[in-house]
Each structure stands twice: as structure tokens, then as C-alpha cells.
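Which chain is which? They are A, B, C, D and E, in the order written, and residues in each are numbered from 1.
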Amino acid sequence: MVDFYFGAGALVMILTGLALARLLWGPGPADRMMAAQLLGTGGGAIALLIGTGSGVTAMVDVALLLALLAAFAAVALCAGEPGSKGIHRERIK
Amino acid sequence: MTMFWDAMTIVFVSTGVFFFLAGTVGLLRFPDTLTRLHALTKADTLGFGLIAIGLLPQSADVRVGLKLLVIWLILQFAGACSGQLIAQFEHRSRHSS
Amino acid sequence: MSDVTTLYGLCASGLIAIGIYGFSLQSEPLRRIISFNLIGTGVFLLFGVAARRAAAAGFLADPVPHAMVITGIVVAFAATALTVALILRLAELNTDPEENIQPEARDEKSA
Amino acid sequence: MTAGAATIDSGALLVVSIMLPVTGMLAVIVSPARRSEQVALVILAASLLTAVATAAEVLRTGEPIEYLLGNWRPPLGVALRADGLSVTLMVMASIVLSCVGLYASGSYLAPPDAHHSRSRTVFWTLLLGLSVALNTAFLAQDLFTLFVALELLTFSAVALVALDGRPTSLEAALRYLLLALAGSVFYLVGTAVLYGAYGRLDLSGLRQISRDDLATTFALSLMMTGLLVKTALFPMHLWLPPAHAGAPAAASALLSALVVKAPFFLIVLLWTGIAPRPFSVIAGQVLAILGMASIVFCSVMALRQSRLKLMIAYSTVAQVGYLFLVFPLTIGGTANLAWSGCVLQLVSHAFAKASMFLAAGVIAEVMGHDRISNLKGTFHAVPITLTAFALAGLSLIGLPISGGFSAKYMLLTAATEIGAWWIAGTILVGGLLAAGYVFKVLGQALAPPAEGFAAARSIPLHRELVVLVLASAAIAMGFLPLDPLPFITIGRMGLP
Amino acid sequence: MSMLPDLLLVMLVLGAALWTVAARDRRSSVIGFIALGLLLALVWMRLYAVDVALTEAAVGGGATGLLLLRACARLDSIDAGKPSAGRTLQLLIGFCCAAMGVGIAAAALGGPDLPPTLAPAVAANIDAVGLGNPVTVVLLAYRAIDTLLEKIVLIAALVGVWSLAPDDVWGGPPASLKLAKASEPLTFLAQILPPVGFVIGVYLIWNGADEPGGTFQGGTVLAAMWLLVMLAGLAEPPETRRALLQYLVVFGPAVFLISGFSGFWLAEGFLSYPTGFAKTMIVALEVALALSIAVIVAMMLAGPSARTPR
């Protein structure tokens, strides 16, 4: 079973890695925000699989935190996009 | 009995990984942002859910199992909201430029 | 198991090397502080590798370095926050030279 | 049983000397701005008393004081340890901090026409932050705790540099912060490697088991490099002059007198405590060569400056260079004399440099600028301050009778006795160059004032007196006998 | 087979690091760094350091990420980056860094066959403290001084951040975090997620005594949730001169200090805990510290005052 978890984990990792590369190259801000979402789901899945494989029960907590922060990161990315919160723009207006 | 649960885990996790595969393929192949968004949020959230269900029988106690479900719920909720956010963002930036 | 720690040890060294490269070549302060964080991450990973190699007494890893890494991460965060605040204030001063002259006008705008 | 009680009492002194300023920091944050100064001054006075009491205890018993925090024995726990050298530095730091506190009290940071509570609260909080960091650096016996102390030192110092909020100060602060962070991260790499090799980071333990192998050598080189950046030795000194010159005078005094000394102290800890033999010899030579380069190069740079504060800042790099000459001099039979010279240089430079920066602050306020070429009439306006400046200058040059003279004399004697003529020569050249830059200022300042000269602002007497007290302290160090100081070797492991 | 995920993970980590350094624009670099933080959480799990994994996820992915992203948004209108160094210099420095990496790897991995460890010492003394999580025991008992000083470092950095406010707005609230493009989904998220996050944060703090988790992880989650509410515009950052805020900032460290000094009378000295009460005291301490950490982290991210106090 351990091999299965690790294998599945490795596969998800490859897929997440590929998607991540795509999004980092992606043209617009929306792609970048998707990267955050992806890291929540993909990262969470990898954490669960690898954690189960290595017998670390607390991996659920890591996955929990990753899921929670993925939502936060999507919002943070909104905050980081141009025009969303430039103090200078705000003053010049 | 463990055999049965293990088999269930293998089936669900494999299906989950398949959905991740689908999501990634969609992301790599689809032409524009909104369709990519569609591929990613739907497929990955589903994939994660399946993996979580697959791991349920393996969880050490009820608490761990419960947490697995909570994670899935959070991801679904966050996925829905951030999907909306991203779509709106994209929409506005298209119309402003 | 030692193979895995060797692998992560190499990863840590790689992170440090990449971080130092970025830190010494980049001119933009924000990029430099990110590179600093890369070096820091590599160093913490070195602690982690040492901890894993030293697993004993029923622990899967030595907990003392883990505690140090947590402290280190907090300190690195504080450093990043202070640097970013400095960068932003400097940028603000460089773009608005009249900054300190018309506080009231600015206030109305941001209110 | 009574003996046990006595050690607990004296150990508590070490805890108090770190935790008193911590308490002060927290109190300043929650107290209103107008009270922050009083709170801080009370804490500084109490810290000074604690430091003196600790020194008295060490001197009385002739033994170091040791305290196990939480009663956990190292390497699991962290020990505090006060020996002759560390209490000397603690007393020095407390004196300088208290004097700077007195100087800054009253009107200095609170011009009546501006919102002054910002610089007030920040200054006093971070002054106490420096005090926490310095005392921890002098007492803690664990490489990781020392790392945390170094970071606290950096953050407090950086914010002090940026205190006046001008773009140039902020730029200097940013450059300082980035380099200081690079320094700490190098230090931390070495710490990680050492933990991997030895599984412990307590100084006394590492001292006993340190081996001469690749890991140890590499780790120590990295740590020392990091610390050299922080202490601003040539050629890693470029961040220091703008940072020290851009800060408000009171902060510059602390930065030059104290902040650069803590990393030097850590280098001494590593070099005497952990470094294995063949490595320490080579490292000692390298450090001394860098020290000599600092002395010559930065003295020349100081000579070429047109602004007073920049000149003093370059002089700091040069004077810190003298400290590094000690390493090769400890090889021969004159080790004790060399160490005494080094410690004396450290302490007297702290007093002299603090005095000089504060004097520069007074001069800048009185004259309205700090261009050296335009200082005519300064003596006329602030005679006490200028006297102090001259006394501090004597110590920097190394003219008798002054702490600087005794220090350089001891180093010179030690150097000639082991035939290190290159070190002896550098000491003499450095003295000549220092005379050049000090007299350049004095020559201007002693000249009669030009027609229509008027002081821009009058200076409260207590501030001028503080400057004089610090300079006199630097001079007074010269009355110590020119023999090895027995006090600094109490309990110092690794010193002869 | 068991090495495969590790190998992939290392490649991903190094890839993200290279991206972070080499990316053309600032924002991509920051996102590479956030991705790296989340990947590192996985690495820490593989090294059996779940406490660190949680910290890395909360800080690297969450707090530092938001900090850097907001900085990007604010810097956008300012500078476009300067020309980089010449190719020869790049190669030279690259070579030096590679050599350094090899040196560090050799020094760190060439250690003794039987690595020295403090794990037995931790295990032998853990019963005296009575907690199940060895990392928490190290942080709050054996090396409590580091943890206490770390809080002081945080406070010094916070005062440093605050000190960058212009004189005339000192004591006022930081600039509003509200997103210009705040919208319904965001508001909805900011209403639903914080209660969940609050529970998770409290759970992490509470759980930290016996299982992975602890003050900083929990505190950061709490801070993140507060920030989320502020980003959605449902709350504004408080004035930095507010007494309540200042007391919250010093509350945790003050409790730590008092409990440390109480050791002189109640136990065997500074920072030691009375037998039998160690666990109670440590859990109480963790709660107090987490509260302060949440406030400090959130205020650090919000930045210095930008508007005049009322």
C-alpha cells in the first residue's frame, strides 16, 4: 500500500508541477490566482497521500492549513494585482 | 476486511488522480483564461474530494476522518468563491483594457 | 533512509546557492529580500536534515532543531516585514516629494 | 546550603540584566509618549546598577557567575555566564547607554513645534531593545540564542538609523538591514552545519569536543564572515558610514560605540572557544590583515571627508580594525598583554566615539550644519563640547594620557615582542592618520568666529556635560597601569 | 519507489527557487516564492517535522506571501527595475555560489556515521514537563529564552515598521486594506471563512501541547483571518495608538515574563515551571502568546500608520 500512496502522490506532484509551470508562465493575473487554488487542492492531496504513506497522522493538519491558506492566497493575489491597491493611484485620483 | 477497504482506497484515489490529470490537461490545452479556470477548479476540487474519500477508510480515528471532510468542504467553498473572484477579475480587466 | 536526507541536504545547499546568487546579483531591494528568504529556507532545511539524521529515542527526528527552525522562521518573517516597510516608505518618499508638506490634502483623499 | 543560596542570588543578577530592559520595552510601548522617557531612564539606571553589581560580584569572588535558565542543563537548556570580559563589556554598554539616554532626555527628540511622540516612543523602545540584545550577546552561552540576540540588535539599530525619516537615512537603513541580514544568515548556515556535526550548540560543550575537520572549519569561516559583515570590517564596511552618519546623533553614538562591538565579541567567542588549532592560526592572520586594511584605508577615507559625521563614522571602521590585530598577537608569550590592549581599545573607543558623535550632534545643532570646512567659532559657542571632542580625539589618536594610548601601547609592545613589525607599523601609521583627521577638525573649530557669527540654537548644559563625561571616561582609562589586566581573564575560557 | 516523490519534490522546490530568482517581473517572482513555501510544507512533512510544516505553510505561504504581494501592488507605479550585471560577472558569481553550495553540502552531509543528537535528552526530561509534543517542550521549557527573545524581536520589528509612519499621522490607523475591486464573492468568503479559520487557529494552539501545532502557527492563522476581513472591507485596521491594541501586543510577552520570574519563588529559577503545574502554565502561556502574535503579525502586514488619528 505504501508504494501505492507514494506512487499516487508522485503522480499528483507531476501534474501539479506541470500546471504550476503553466500558470506561472500564464499571461494574466487570473492565471496567477489560479495557481494559488491549484496549490491548495494539489498540495493538499499530495500532503494527504504522502502523509498516509509515511505514517504521519498529523498530515491532515497540514492539508487543513493548506486548504485554508489557498483561499486566503487567492484573495491576497487580488490584493497584489496592479490597480487593486496602489497607494499612489489612490492619491493621484 | 482490510482487503476490501484497501481496494476501495485504491479505486477512489486512482479516480481522484485521474481527475487531477484531466484538470492539468485542460489547463495545458485550453486556449483562454476562463476555460482554463473552468477546467482547473472543477476537476481539481473533485479530484481532491475523491482522494479524501479514498483515504477515509485508512484514517486512524474518527477525528482524522472528520478533518478530511472539513478540508474538502473548505476547498469546495474556497474554490467556488475564488473561482468567482478570478472570473470577475478577468472580466473587469478585459473590459477596462 | 539516509538517502532521503542526503537528497534533502543537497536540496538545502541548492536553495542556499540559488539564494546567494540572487542576493548578490539583484539590484531591486524587494527581489533581494526574497532571495534572502530563499537562503534562510535553505538553512532551515539544513537544520531539518540534521534533525532527521539524528532520529533517536523513539522520535522520528531530533525535536531541538525543529524548535530552532520555528524560531528562525518567525525571525525571518519579522526581517522581511521590516524590510518591506522600509522599501515601501522609501518608494513613497521618492515619488511624492511633497509628502510631508501637505498632510491635510493627503488625508482628505484617503478618507 | 548558604553557598547554594549565594550562587542563586548572583545568578539572578544575570537574568535581571537581560529582563530589566525587556520589561522596560513593554512598559514604554503601553505608556503614553510623554512618560516613555522617564520609564526608560529609570530602567537604564537600574540596568547600570545591575551591571556594576554583577561586575563587583565577579571581582569579589574571582569566579565567573553561571546561571542555568529554567534549571535545564546545556546542551538541552541555555546557560547564562558572566566572566571578567563579559561583565566589563556589560558595564561599558550600560554606561554608554545611560549617558546617551541622559543626552537625549529633555528637548533633544522633542522639538516643540512638531509631532514628536513618534521619535520619542520609537527611540526609547529601541534603545532598550539594544540593551536587551547587547546584554544577551555578552551573557548567553548558546550559538542559537546568540543568533536571536544579533537579530534583535540589527532590527533595533536599523529602525534607529531610519528615525528621522529622511530619504537618505531610509536608504542607508535599507542597505544596512540587507547586509546585516546577509551577515546573520551566513552565521546561521554555520550554526546549522555545527549542529549537524556535533548535535549541540552550547559553547562550553562545543569547546570540549570541537574537532579539526572540514565541517568545523567551513562552519566557522561562514560564521566569522557573517559577523565581519555586521561589524563592518574592510572590505565589508561600505554600509556603515552612511548608516551611522544618517542617524540622529544619539543613535549614531550607540551604533558606533556599541552595536559593532557585539559581533566582534562573538568572533572572539568563536575564535577562542571553538576554533580548532590550525584553523585559528590562519583565521587570526586573515582577521589581522583585514583589520590593518581597515585601519589604513578607512583612516585615509576619514581624512578625506568633508562632513563631520561621515568622518567620525569612517574613523569607527578604522578603530574597530585595531581590535582585530589581537588575534595573531596571542600566539606568543605576550598574549595577556595583547588581550588587555584589545579590551582597553574596545572600551575606550566606545567612550570616545560615543562622546564624539554626541559632540558632533551638539555642533551640528549649534552651527546648523556639519561641514568641517566651515566650523570656525565652534569653540567659542560650545567650549565644553569642543573640549570633550578634543579629549575623545586624543584617545582615538592614542596620545598619552588616554585609554587609546594605553591600548595601542599594549598592542604595540605585544607586536614588537613577537617581531610582528607589520602590525606595529600599522598601529603607528593609524595613529598618525587619526591625528590628521582629528586636528583638521580642531584647527577649524578653535579658530575665532567669523564676523556676525551667531549660534543657531542654545544647548542645555546637561547635554554638554554628558559629552564631557564620556570623553573623560575615555581619558580615565589611561590611568590604568600598563600591565595585563587580571580582571578580564577571570573565567574566560580560551584566554591564556 | 519511496524515493520517487522525494526526488520530484526536490526538483519542484529547486525549480520554484530558480524561477523566483530568474523571473522577469517582480510579481511572478513573488508567486514563485509563495509556491515554494507551500512545497516546503510538504518537504518538512517528509522530514517528519510537522510543526515546522505548519509554520512554513502559515508563514511562507500565508503571511510573507500577502506581505510581498501587497508590496508589489504598491510598487507598481514606481520603478521598472534596473539593468542587471554583465554576463561575465553573472557567470563568476554563479560559479562562486555553486562552489559554496557544494561546500555546504559536503560540510553538512559528510558528518559522522552516527549523528549526534539531543533527542534522548529531550525524551529523558519530557516527563518532568508533562507535554506530549516534544517541539513545544523545547520551545517553551528547555529553550524558553529563545522563544521569549523571539517575541521581543517581533515587537522590535513592529515598532520599526510603525516608526516609518510620517510624523503627522503617527498613532493613526494604517492604510485601509480594502480591495478596490471588492465584490460579493469576496464579502461572502470573508463572512464564512473567518469563523472556520478561527476554530482551526484555536485548535492548532490548543493541540500544540500534545500534537503538532502551536502558538505561532495558530496565531498566524488568526491573523490571516482578521486580515481577510479587512481585505474585504468588513473592518478597518485599528489606530496604532489605541490602548487596547498596545496592551494586546505586549500581553503575551508580559505574561511570559511574569511566569518566568514566578519561577524564582514557585520553582527552581527563572523560566522553570513548578512541578505538576507545568502543562497548565504552558497551555495558558501559549494562549496568551498566540493572541499577541495574531495582533503583531496582522499589524506588521497592515504597515505603518497612514491616516491621521481621530
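Keep this in mind: a contact is a pair of C-beta atoms (placed from the backbone, for glycine too) under 8 Å apart; a residue touches a chain by one contact, two chains touch by 3 or more.
Everything numeric in this text was worked out from a predicted model, so none of it was measured.
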Chain whose Cα centroid lies at the greatest distance from that of chain D: B
Pair of chains with maximal C-beta contact number: C-E
Cα-centroid distance, chain D relative to chain E, in whole angstrom: 31
Chain A and chain B, separation of their C-alpha mean positions in angstrom: 11
Approximate Å spacing (C-alpha centroids) for the pair chain B, chain E: 27
Chain E residues counted as touching two or more neighbouring chains: 2, 30, 46, 48, 68, 72, 74, 77-78, 104, 108, 111, 115-118, 122, 142-143, 146, 150, 153, 156-157, 160, 164, 166-168, 175, 181, 186, 189, 193, 196, 306
Residues within chain B bordering two or more other chains: 70, 74, 77-78, 81-82, 85, 89
Sequence positions of chain C contacting 2 or more other chains: 16, 44, 46, 49-50, 53-54, 62, 64, 68, 71, 75, 78-79, 82, 86-87, 89, 94-95, 110
Chain E to chain C touching residues, read off their complex: 2-3, 6-7, 10, 13-14, 17-18, 20-21, 26, 29-30, 33, 36, 40, 43-44, 46-49, 51-52, 55-56, 59-60, 63-64, 67-68, 71-72, 74-75, 77-79, 81-82, 84-85, 89-90, 93-94, 97-98, 100-102, 104-105, 108-109, 111, 115-120, 122-124, 134-135, 137-139, 142-143, 146-147, 150, 153-154, 156-158, 160-161, 164, 166-169, 175-176, 214, 216, 297, 300-301, 303-304, 306-308
Contact set on chain C toward chain E in their complex: 3-22, 24-28, 30-31, 34-35, 37-38, 41, 44-46, 48-64, 66-71, 73-75, 77-82, 84-89, 91, 94-95, 99-100, 103, 107, 110-111
Residues on chain A engaged by chain E in the complex (per definition of touch): 2-3, 6-7, 9-10, 13-14, 17, 20-21, 24, 32, 35-36, 39, 43, 46-47, 50-51, 53-54, 56, 58-59, 61-62, 64-66, 68-69, 71-73, 75-89
Residue ranges of chain B touching chain A (in the complex, touch as defined): 6, 9-10, 13-14, 16-17, 20-21, 23-24, 27-28, 33, 36-37, 40-41, 44-45, 47-48, 51-52, 55, 58-60, 64, 67-68, 70-71, 74-75, 77-79, 81-83, 85-87, 89-90, 93
Residue numbers on chain D that touch chain C, as the complex places them: 76, 144, 147-148, 151, 154-155, 158-159, 162, 165, 167, 170-171, 173-174, 177-178, 181-182, 185, 188-189, 192-193, 195-196, 199
